[in-house]
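Each chain gets a letter, A, B and C, in the order it is written, and its residues are counted from 1.
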Amino acid sequence: MAFGISVTIMFVILHLMPGDYITLYLEGIYVIAPPEVVLAYNQAYGLDRPLIDQYFSYFLGVLQGDWGYSLSYSRPVLDVISEKLVWTLVILLPATILSIIAGIAIGAYSGWRRGSKADVTLLNGMIFLRAIPSYWLALMILLVFAFYLDLFPLGGYVSLSALDTGIDLLDVMNHAALPIFTLFFFSVTGTYYLMRNSMLMTAGEDYIVTARAKGLDDMTILRQHALKNAMLPMVTRVALQCAGMLTGSIFVETIFSWPGIGMLTFEALQVRDLPLLQGILLMDTLIVIVANIGADMIYPFVDPRVEVGSDARA
Amino acid sequence: MIDRRKPGIILLCCAVFFLACCVPASAGVPGDADGDTLVSEGELSTAIQGYLNATYAGGSGGLDRAALSLAAHNTLNIPYGQVVAAVSSTKDLLQPAYIDAKGVPEGSLIYEGLVTRTRDKDHIGWLATSWEPSADGMTWTFHIPEGATWHDGEPVTASDVVFSYDYLKEKGLKNSGVLKHVTSVEPLDDTTVVYYCDCCMPLFPDILSTGPGVAIFPEHIWSIIENPAKQSDPEYIGSGPFKYVSSVSGDSYKMEAYGNYHGTLPYVDKVVRKLYSSQDAQILALKKGEVDYVYDLAPATARSLRGEKGIGVTQIPAGGKAYEVAFTCDVYPANITEFRQALSHAVNRNAMCMVIDSSATEPTDTVFLVPSLAGDQVNEDTNGLYDCDLEKAKTMLAGAGFTLKTEGGKNVLYGPDNMPVTITIPLGDKASINQVDEKIVQVLKEDWDAKLGIRITVENLQADSSAYKKRIGETAVHFDGMPGFFHDDISRLDNFQKSPRGHNYYHFDNATFNDLIDDLGNTMDAAQRQAIGDELQMILSEQVPCIPVCSMDSFDAYRSDRFAGFDALILEGGGDINIFSHIKPASTEVNR
Amino acid sequence: MGDALLCVRGLKVGFPTVDGVVKASNAVDLTIQAGETLALLGETGSGKTVLGMAILRLLQPNTRIEGEILYRGRDLLSLPQEEMQKIRGREIAVVLQNSGTSLNPVLRVGDQIAEAITLHRGLKGAEAEAAAVELLERVRIADPARMAREYPHRFSGGMRERALIALALACSPSFLIADEPTRGLDAVTKHEILALFSEINRGRSVLFITHDIEAAATLATRVAVMYAGEIVEIGPVDAVLSSPAHPYTRGLLESLPARGMRPIPGSAPSLIAPPSGCRFFPRCPCSVGRCETEHPGLVPVGPGHCARCMLYD
């Protein structure tokens, strides 16, 4: 349902734009687009048909997996996106998982030991990290680790030998290390803040006092009682973070020449490949929706108070 | 045999490389004693003797084995080594879209057009060895070499050329627009092909070769490709100096010298183009030695690379954009010719160049053409007419019915209608790193606003947006920044013609000018063309549809310790396309 | 008083805040004998809970505590953390107020009880679970085996209170602090809980913190009345409730519905800057001149019955 609405909105926005987009696209190539070429293009992409007709065929197409044709790639949009999505996920998934684990662990500890030296150090460190402009941070990481220390390659996802011997998994991992590291830094601070806050709230709860009154030691209370409760708000956050990082990775992908969705978006914007942009936005929407559904599905497992289908019973 | 070298440049190179050769062999081509970057047979013999002496004597006076081998490769013209060039966008990685656009990937060395173009506007044979027009300029005959073959071994014939044209037309590919005046293409025999046009085409080779041109592709492969928008040739069979080897999607591709190439075989064996999407990463890769060649550098970046060991930087005059303050000649007050003339004396080019980047810009003293590109086509009589002289501008404005008053310590210019003159300037260059337009406006404001009393407001719009395109037709002044090569030939002056399709950028409509442009299109004789060009430039100097500001240089950088010949080629004008087929490996290190 | 189980001496508790230190407990002296139930009465904010929490050192780390809390002769305030953890739950257990939030919502009730059993009694896995079920049965929760596997949100208010009691009883502590266990419960449930307590009380010392005089009357052997961080009256339950010595205690009793429901005029004083002299004098119906300047001490008014009032000085 939500997806259907976003498809419609996307279609409407695209067609509300002043001027027709084929002319705009071709003007990026020619100074003035020759009318005969515009006509040929419109026919090739079915843009000469009535708008309502186009809408329905687009809508049905989207549902059937036909997301249109990329102007600049001359390939089905879904094809292009899914190829790039794989590469984005290669760096996004490890970075997200790492940042969630680290953010939660550090944030929980920091919040639990509120006001302690460790907490103050961590908090200030995270504020500092957050304040660094992301572009600069990515560049510095590249400069230090790939250039001066020469530990990692400067960009791309494979080394030149892949041209002769094919793509090697170890090689890809070597290339992915810095982008993952950078993405991790971008997102760990957010997780940390949220977790720390959540832990501050949890630490003041009555059941923590109960646990203490039982005679449990501090760390056991943190692990057994505080952590799980403090993590509840993180589920939604993590789900949205997965979706948000998809476009948030533009910087990282550009600096590390990583050919994923971020770079694709950037290039599609540059050459105004609107069908492709539309596809990317749709994919984004789809991921947000799926991530939210995912979060809703996970909730009952982490929070016994939420039960699947409890609305139906009520 | 293609030879485009000019004695002056050769001397310059000699001097450079002579100095370079005094130091270790890695700084020049191994075995090259006289520093011309060519290793002659004599030089090779000397090198071999030196090697043998060194070997037997156990000394270190001669070339080592690997360097000697490289010298032999260069002498015998057997391709050696690998050059890695950085590209900044995936569209330079054989993206199929350009099959859709141009028939085959542009900018590669895999496919050839009939002719190609050097930076100083010479057209040189590429697939074609020679060509001649008919007297009326409506028929062009091209000769292709015998024995030329496609990379799969099939012979290249005239029918491939005919097919390429027919295919473009039939499939409605974008490039078919470029050839719209061609009515048909016929083969005369296997190696001769004739283009018939419906009008005089004095610059037909230019049309075929610009940007980088219309490529020829093999009939036996493409005749079975129904829809080029959805299919292409995965082997990229072409006829160029390099053949396609392999690619990694979204990262890089590799070509190697094609042994049976019909022209001069390249000196380097393999060319790899690899994506580095940020320029910072490109520069680091160059410094680290991951890549050998980067192009289109920002001036500041190029400056920082100067003096870096093993790296050469080339500054290409007017290789970037050339900028003009443009008028919209039917919008008040720019519709008053005297007003435009007056303001042509109120543009402080030197100050603008200072603000932009004085080491990378050159003030334009001509009316439109850039001398470093257009050469002697510039009408000398029109040079320096727009000198910056605010007093002169004030006098001329007064003569045109404008009154300058001082109100509350501020100058205000009143127009013939007794209203203060205000001008809105749309800016669309916000996104660019250099923000040239914005800097030009800064200087303009100082002169026009503060001294001449013209109120200037700036409107920031997204560059290339339709809103921006609309606004520049509604405001009296806007900016014009086109690539330098749009300022290289008198035929480019058609930019100011009111074309049948509608207004030009300047809404400039001068009957004499329009007619002269038509005449130019029908004139084959070079002297006659020049006479027309001089007249056109004279009209521009009187009518002032735009005031030229400056041209920007562009910068390339390369590993000078590994390859020789980048510098000479870029400056001399091999054009991007030919660089890789003419550079020479200078170090055995390139054999990665 | 040779067999005093717990002895609080001169306990001062202060919470630093931006406005100043909140003196929640001011030189409290209290002794609890083995086997007796002492009811600590007082209005909300009088420092009852703070006293209870201070005994187990469950107050926030930045709280200022002075004085001595002797449990079986050992000063709890100076015990190392590990020693204190051994006392909590095993020797001294507490039933916290707010039963609704005092159970961890994401852990099964049985597991929460079993955790304490494992910790102090060394029982593992199924044994601990069985013990937990037994405890739930003992506090009269129906179908204890099933309820042990449920999460707290499935429990009613009374059931949660019982679960908390079961948790407190897990290791048969010799001293139990019950903080307002009847708060927020309906009358029927309240009586059930009280009945449960009177059963638990046997052979165990209990500090029964409450503002409910009836509950105190039912359960306690002795009563201490707190006002503004001080004990104003202490004595045997009958003596205090039938012949209250302190005007505040009298006021409390008169505010009961059964006795006319006449509230004490005025409101409880600020604990940051408490009144000089007697803390109750601004609201006291029988204050005399020196009440304002002199701070009264606890003086005996009967056998084992003391009051902090100038009237008896």
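Observations on the model:
As a working rule, a contact is a pair of C-beta atoms (placed from the backbone, for glycine too) under 8 Å apart; a residue touches a chain by one contact, two chains touch by 3 or more.
Just so it is clear, the model here is predicted, and its values are computed rather than measured.
Under the stated contact rule, the graph of chain-to-chain touches is a line, running from one end chain to the other without closing.
Distance from the centre of subunit A peaks at C, each centre being the average of the chain's Cα atoms. Comparing per-chain C-alpha centres with the mean over every protein C-alpha atom, the closest match is chain A. If you average the Cα atoms of subunit A and of subunit C, the two centres end up 53 Å apart.
Distance between chain centres (mean CA atoms), subunit A to subunit B: 39 Å. Mean C-alpha positions place subunit B and subunit C at a centre distance of 89 Å. Touching of two or more other chains is recorded for no residue of subunit C.
Those residues of subunit A that touch subunit B in the shared complex are 18-19, 24, 26-30, 32, 34, 36-37, 40, 44, 69-75, 83-84, 87, 139, 142-143, 146-147, 150, 153-158, 160, 162-164, 167, 253-257, 259, 263, 266-267, 270-271. The part of subunit B that touches subunit A in the complex is made up of residues 84, 89-91, 95-97, 99-101, 172, 174, 176-177, 180, 228-230, 232, 245-254, 272, 274-278, 280-281, 284-285, 287-288, 290, 464, 466-467, 501, 592. Interface of subunit A with subunit C (complex): residues 205-207, 209-217, 224-225, 228-229, 232, 302-305.
Listed in rising order, the residues of subunit C touching subunit A in the complex are 53, 56, 58, 81-82, 85-90, 93-94, 96, 98, 101-107, 112, 115-116, 119-120, 151, 153, 164, 167, 170.
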